[in-house]
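Below are structures written as structure tokens.
In what comes next, chain A is part of two complexes: it sits with chain B in the first one and with chain C in the second one.
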Partner chain A sequence: MAVNEKDIDSILEAYPAKVKRNRKKHIVIKDSSLAHQEIEANTRTIPGIITNRGCAYAGCKGVVLGPIKDIVHITHGPVGCGYYSWLTRRNKAKTLEDGKNYLAYCVTTDMQETDIVFGGEKKLAKVIDEVVEIFKPNGVTVSATCPIGLIGDDINAIAKAAQEKHGIPVMAFSCEGYKGVSQSAGHHIANNGVLEWMVGKGEMTEAPAKYSINMLGEYNIGGDSWEIERFLKEIGYHIIAVATGDGSYENLKNTHVADLNLVQCHRSINYIAEMLEIKYGTPWLKVNFIGVEATVKSLRDMAIYFGDPELIQKTEDVIAREVARVEPILNQYKKICEGKTAFCFVGGSRGHHYQKLFADLGIDTVLAGYEFAHRDDYEGRQVIPDIKPDADSKNIPELHVESDKKLFKLKISPEKAEELKKKIPLSNYEGMNAEMKDGYLIVDDLNHFETERFVELLKPDIFASGIKDKFIPQKMGIPSKQIHSYDYSGPYAGFNGAVKFAEDVTAMFTTPTWNFMTPPWKYKPMLEGTVEEEGN
Partner chain B sequence: MKRDKANYRNVNENPCNMCMPMGGILPFKGVEQSMVILHGSQGCATYMRRHIAEHFNEPIDVASSALNEKGTVYGGEKNRKQGLDNLIKLYSPGIIGILTTCLAETIGEDIGRITSDYRNEHELHRLPIITVPTPGYGGSHTEGYWLAAKQIVSGLARQTPRHSKINIIVPHISPADIREIKRILDRMDIDFTLFPDFSDTLDRPFSKTYKKIPNGGTRIADIAAMPGAAATVQIGITIDDDLSPGRFLEREFGVPLYNVPIPTGLENMDLFMNVLTEITGSCMPLSLEQERGRLLDCMIDSHKYNFEGRSVIFGEPELVYAVAKTCMENGIFPVVAATGSKNAKLAELLTAEIDKYERQVVLLMDSDFDQIRQNSTSAGANIAIGHSDGRYLTEREGIPLVRLGFPIHDRVGGQRVLSVGYLGTTMLLDRVTNTLLENKYKNYRSSMYEQFYHNGHENNISGKILLSGTEG
Partner chain C sequence: MLNFTPKELQERKSGGMINPAKTCQPIGAMYAALGIHRCLPHSHGSQGCCSYHRMHLTRHFRDPVMASTSSFTEGASVFGGGANLKTSIKNVFAIYDPDIMAIHTTCLTETIGDDIPAYLGTAEIPEGKIVIHCNTPSYVGSHITGFSNMTKGMVTYLSEASTETKKEQVNLIPGFVNPGDMREIKRLVKVMGINFIMFPDTSGVVDSPMTGKFEMYPKGGTTIGELKDTGNSRLTLALGSFASTDASLALERKCKVPAKIMKTPIGVKATDEFLMALRNGFVKEIPYELEEERGQLVDIMTDTHYHFHGKKVAVFGDPDIVIGLTEFVLSLGMIPVHVLTGTPGNAFEKELRAMLLEAGIKGNVKASGDLFEFHQWIKNETVDLIIGNTYGKYIARAEDIPLVRVGFPILDRSVHSYMPIVGYKGAMRLIEMISGALLDKQDRDAADEDFELVM
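Here is the complex of A and B:
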């Protein structure tokens, strides 16, 4: 199955020379004999190439802020941006007794031409007033779309005034779509705001229970985080906040007291994780709850961090029971899936995480990549010092944090941390590339043209990506699984999720539909009969 | 007749419309070998592709000039040119549409000039490039659709000697609807140019060889020859003259224009047939007459269920009009008719229809779903007809939804929903009636008990319950 440079060149040949040179740097054939393989990432999208990337607004409001359920998220701009980010990520959230769950709402200032000409500040102020009156939320966010920065609306000032007027947090995010090169810029902007305006605002000064943790970068798509919480709670963890799936301001404001932060999606949330460590002394652990093996490893790493024999024992008990329960089921599905190949191209971390779940089923990921990741998501965090900031990344304000005088509390000693780092990914992420097999492809910012050509070249059995590109392989007769929204299925995380995924994927392979691609008259005569000769 | 003109609040809570460039993409998808590039930041293109793809279940290739912060300061010309270079190299399109977005318009990009410079530099005299200014704040997707359609026609149309074809211009209906209209025209032996024809491009049959630009779409040469047609039948009675491709052909080339409503509903379809027979001299084929008879039969079969229906209808103006009329013919009287667009004509046209029946209907222009919901509950609506975002009415108020229009993103088959012609109307009406029936059966026992025994006997005898809606 291995690919060589020639194959890639023959595909890139179709591009204009400059584009070809550019794209080549975003494609790597894994070769473990080399000391290090660099990949270009988080650079500008090539105009006219049909990318799957979105904008900073999508990363900020759509990904990070959107799932916070007790806050009303106002999109300040013309109607489109708000409309298109309405519930499209399928984050799930339970409504609690207070009834404050506004996930199903799309609220926008719906700016008209006159607002663009004369400014939208007044309208925004009125909309905030109305929203507070209608919903009585625990907070309000305002996310700016492209025109806002250009016409110079001072959303921070409006938010500040509204906050004073209403006595609830009103937070402004300047996440205009043209900032940065993709959603990634928006994650960063949102992370800064969450840390500045939500974290640390709660009353708690110390962890309310033993083994208190936060789960960062988990968005509860299709109910993922509920499945993860199920076994974490059983083992004995106390979850303070999830950022941000089924999350709430009420919980996020106490994030600072946890003993450990788990990082699921590294790309979208690593800024908060890092800042929480500096400001409150809480280290983070890279986990992956996608796939049985990955889940088991993550649980063991967590137990090692706390080092409590009782917790370790309980962890092992739960693992043993869960694995014994799901393995026989998965083995049934594996019989069908084994030996097949997949493409796995998703946004930030799933391009890596889902390889583990495919591997559980005996499916090899022959091409993987991220839509909007940075080099560290591919090559590991050790390359961060080598990443040169460019004009686009410099546009995103870095939040400068210091240790909080009152609330900073070193959760483990520096010596202990060093010792742990040898065993577990504490405050570290190794990246996707390390786990790819030799000869397999890593492609950053895969586009429609390349999708078609790589599918032709490698003929995967399943294509895991999103709604925009899934129909290309599907039209070529290859089943496509949406890993962004799960095609209205899920959960896919944890033990139960692995079973659900296996069931869904196997059903896609075994549906009788694929048998009818070629009409019968193409391969066999429809009517069989003998011609009786006359006169016999 | 009550009419709420504009929404009374500043906030738009759960919008009922999308932005202008989104609608502008669709007519381009109905031209053969065409590609679209959005001039602005990439996010808009990505969002729109995702929404269109989800409805049609098709890959939607729409490029973007991917402007970034630098572009907003120094202008986006470089990105646009580079974008066009790449698009042409990879896709070899036969025509390119350039739509602007909020960003490009706010920074004041002169796309007309950039485009003509580009053409001259590249000596691309034969590749049509059509530009459409579609700032998101300039209107809803409906206006974007019509403006793009008009720009395509005005950009391609050439003085042409009279020929025997007629022009059929269609609004944003489903690929299945377009196919049905073509079938009807074929049955009548009419020679026509239908534009924009996205019946194949946005609903392509499975074939294992993938084509980046799908087959199908109105031929560019046919659009160019539209000025020579005997007449234009434009399915678009709610559109402004400024946005009307048919009006353009009439004014510039003297092609007589017949504006008709979407042929959904018996009367609307009769009108469509009348216009066609009158202009072309073709007669109504027997098979279509039989389809009409079957529709009537369907209406009669269902009338005893339909009169209990109190409908709320929402979506694009053209669709709202046609569906409202269909509902009225069948006694499923609309209590709320709403659109997210600002459309004065729709209000006028609907008012005239409603007045015939002396009914109370709340008309909501420039509306959002919160307003629609509030009015629906207070008017006692029991069936909703419109696109998927109306599911909110079901979730919040238990009003069942018949999915029609765009987008249908929480069910499959939006591209296959057929609701035009006698046949399509029959299919739509059955869906509506069956939804009413299903809902009735669901609550049958409890509501019967309530009605006859719990509230005392007099109530039902007086007939108040069933007829209370008609007084409202």
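Here is the complex of A and C:
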């Protein structure tokens, strides 16, 4: 199945020269005999290319802020952006006693022509007043869309005034869609705001229980985080906050007291993880709860971090029981899935995470990539110092944090941390490339043209991506799985999630519907000879 | 569910929307452009808009929606998007090879005032290829306005009056409806035996068959030749005044093709009017086949009237669809007490108020409304049924009222885009859905002793 440079060249041949030169740097054939393989990422999408990428607003309001349920999220701009990010991501949230869950509400300033000409500040201020009066939320966010920055509305000033007026946090995010080169810019902008305005605002000064943790970069798509919490709680962990799936301002404001931060989606949340370490002395651990093997490893890494024999024992007990429970079921599905191949092209972490779940089922990922990741998500965090900031990354403000005088508390000694780093991914992410097999393809910002060509070349058995490209391979007869929205199923995380995923993927392979793709008249002759029976 | 929506109606003065009943122009323009054969819609702005629009259309149609973007960065926003557009044009034709590229703008490019025609003047467009454009500022109108603007763009760029006398053919502008509706409208006109050009025509594009092959440009869509020829037709029927008027009037001005603006043919009355316009315009008898269909519809309406007669209904969605639906539910003897669209337009309110007045119904009517207010109306005067798009399901659940899904977008059910709501057949389907929803609720709530076999 291995691909070679010639195959790639012959595909890229169809591009205009400039496009070809550019795209070539985003495609790598894994070769472990080389000391290091560099891939270009987080650079501009070429105009005219059919890309899957979205914008900074989508990354900020859509991904990071949107799931926070007890806050009303206002989209400041014309109607569309708010509309499309309303209830479309499947970040589930339970309503607690206080009743404060606003996820079914989409608030937009619905800017009109006069607002564009004369400015939308007054309108925004009025919308905030109305929203506070109607919903009485624990906070308000304001996310700016493309025109806002251009017409020069000072959303920070409006937010500040509203905060003073109403006595609740009102937080402004300048996440205009043209910032950066993808959703990734928006993650960063949102991370800065969450750290600045939410984290550390709670009353807690120390961890409320033994083994207190935060789960960062987990968005509870299809209920993932509930499944993860199920066994984490059983093992004895106390989860202070999830950022941001089923998340709330009420919980996020106490993130600073945790003993450890787990990082699930590295791309979208690593800024907060890093800043929490600097500001409050809490290290982070890269985990992956997608796939049984990955989940088991993550649980063991967590136990190693705390190093408590009792916790280690409990971890092993839960692992033993859960694995014994799900393995026989997975083995049944594996009979159908084993030996098949997949493409896995998703966002900024799942392109890596889901390879583990496919592997549990005996499915080999022959092409993987991210839509909006950076080089460190591919090559590992050690490359971060080598990444040169360009014009597009420079316009995203870096939040410079220092250790918090009152609340900084080193959770483990520097020596202990160094020792642990040899065993577990503590404050480190190795990236996707390390785990890809030789000869397999890594493609950044895979676009429509390449999707079609690579599918023809490698003929995968399953294509895992998003909604915009889902139906393209499917028309070719290749089952296509949405890994952003799970095709409205899930959870796919943890032990129960692996079973659900196996069930869904197997159904995609075995659905009888594929058998009807070719009508019988395409392969049966029109004139069928009749053989006369003897005696007639 | 929606627990923060208070019953008490208080005027919100900000002009903001809570739970909008409309979306932005470009998605409508993109959808219209998909209705041209071998066309690649192009979104001139940052890539986020294009991504959102493709996502939403794909979820509604469950079919590939191809479109490219100028992928603005901050630099382009400051210095203008000319370079991005020119690069886009070059790459689109080199890589995706459409026959025609249909550019629409976005908030961003409108705010900075990008001058598309000026850019096109200096862009390298390959020999034999065509680029058209329309402006779609999202801070004006709605997705319906965007659809209308792109349809008008087809006329301004392509329609030609090239024959001395007009041809015996009719232009049909279907408006923002599903491909299933477009197919049904075309069928009616075929049965009438009249030659026609439908534009835009997304049938065969966003309802393409599974064949084992991906076609970037499927079989469907109005061809460029047909679009040119619209200038030679004898008559244009603009179905749905909000989505189709502008194009039909542009065609009248440019090529002297008389325009007749009509309702989207939803329900018996509007379908009658549609067929009458064809009959009178082309002096053709209505064939028995259609008369039979109509008779069947009226038969069904009468036979089952007790399923829906006198029931109160709340309707929301896009203006042309809501106007048609309201007229139809009135002809079923239902009582539309709340009628709302998110799209701005006094004509909507005027037309519906007149309809309700004639039926002696006092109801709420609003254009530029949102679903927050719509829900409040229902809290103040409850209804037996809600008709609208998928977003209505939250209100339906909060108030335990059945919902019939009609319009755009429908994200949680399938097949709808293949099935018509227009014409007599479409009306039958609407009755099936309305009756079914009402009776399902009756069954669900019935005590054992009241649970009936025959209804």
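Assume the second predicted complex is superposed on the first by the 524 of 536 C-alpha atoms of A that agree within 3 Å, B and C clash if a C-alpha of one lies under 4 Å from a C-alpha of the other, contacts with A are read in each partner's own complex, and residues count from 1 in each chain.
Here, a contact is a pair of C-beta atoms (placed from the backbone, for glycine too) under 8 Å apart; a residue touches a chain by one contact, two chains touch by 3 or more.
Everything numeric in this text was worked out from a predicted model, so none of it was measured.
When the two complexes are overlaid on chain A, chain B and chain C occupy overlapping space and clash.
Of the two partner chains placed by the overlay, only chain C lies in contact with A:Gly99; chain B stays clear of it. In the superposition on chain A, A:Asp246 makes contact with neither chain B nor chain C.
By the document's definition of touching, both partners, chain B and chain C, reach A:Asp392. Look at A:Asp461: by the touch rule set out above, it reaches neither chain B nor chain C. Overlap of the chain B and chain C contact sets on chain A: residues 14-16, 19, 44-58, 74, 77-86, 88, 104-113, 115-116, 123, 126-127, 130-131, 134, 145-147, 149-151, 177-182, 391-392, 395, 448-449, 452, 466-469, 471-472, 475-477, 517.
Residues 14-16, 19, 44-58, 74, 77-86, 88, 104-113, 115-116, 123, 126-127, 130-131, 134, 145-147, 149-151, 177-182, 391-392, 395, 448-449, 452, 466-469, 471-472, 475-477, 488, 517 of chain A are the ones that touch chain B when the two sit in their complex. Those residues of chain B that touch chain A in the shared complex are 9-15, 17-22, 37, 40-44, 46-51, 53-54, 57-72, 79-80, 82-87, 89-90, 101-103, 106-107, 135-138, 140, 204, 206, 208, 210, 212, 340, 389, 392, 395, 410.
Chain A makes touch with chain C in their complex at residues 14-16, 19, 44-58, 74, 77-86, 88, 95, 99, 102, 104-113, 115-116, 123, 126-127, 129-131, 134-135, 145-147, 149-151, 177-182, 391-392, 395, 448-449, 452, 466-477, 517-518.
Those residues of chain C whose C-beta lies close enough to touch chain A in the complex are 1-4, 6, 12-20, 22-27, 42, 45-49, 51-56, 58-59, 62-77, 83-85, 87-92, 94-96, 106-108, 110-112, 137-140, 142, 208, 210-216, 342, 372, 394, 411.
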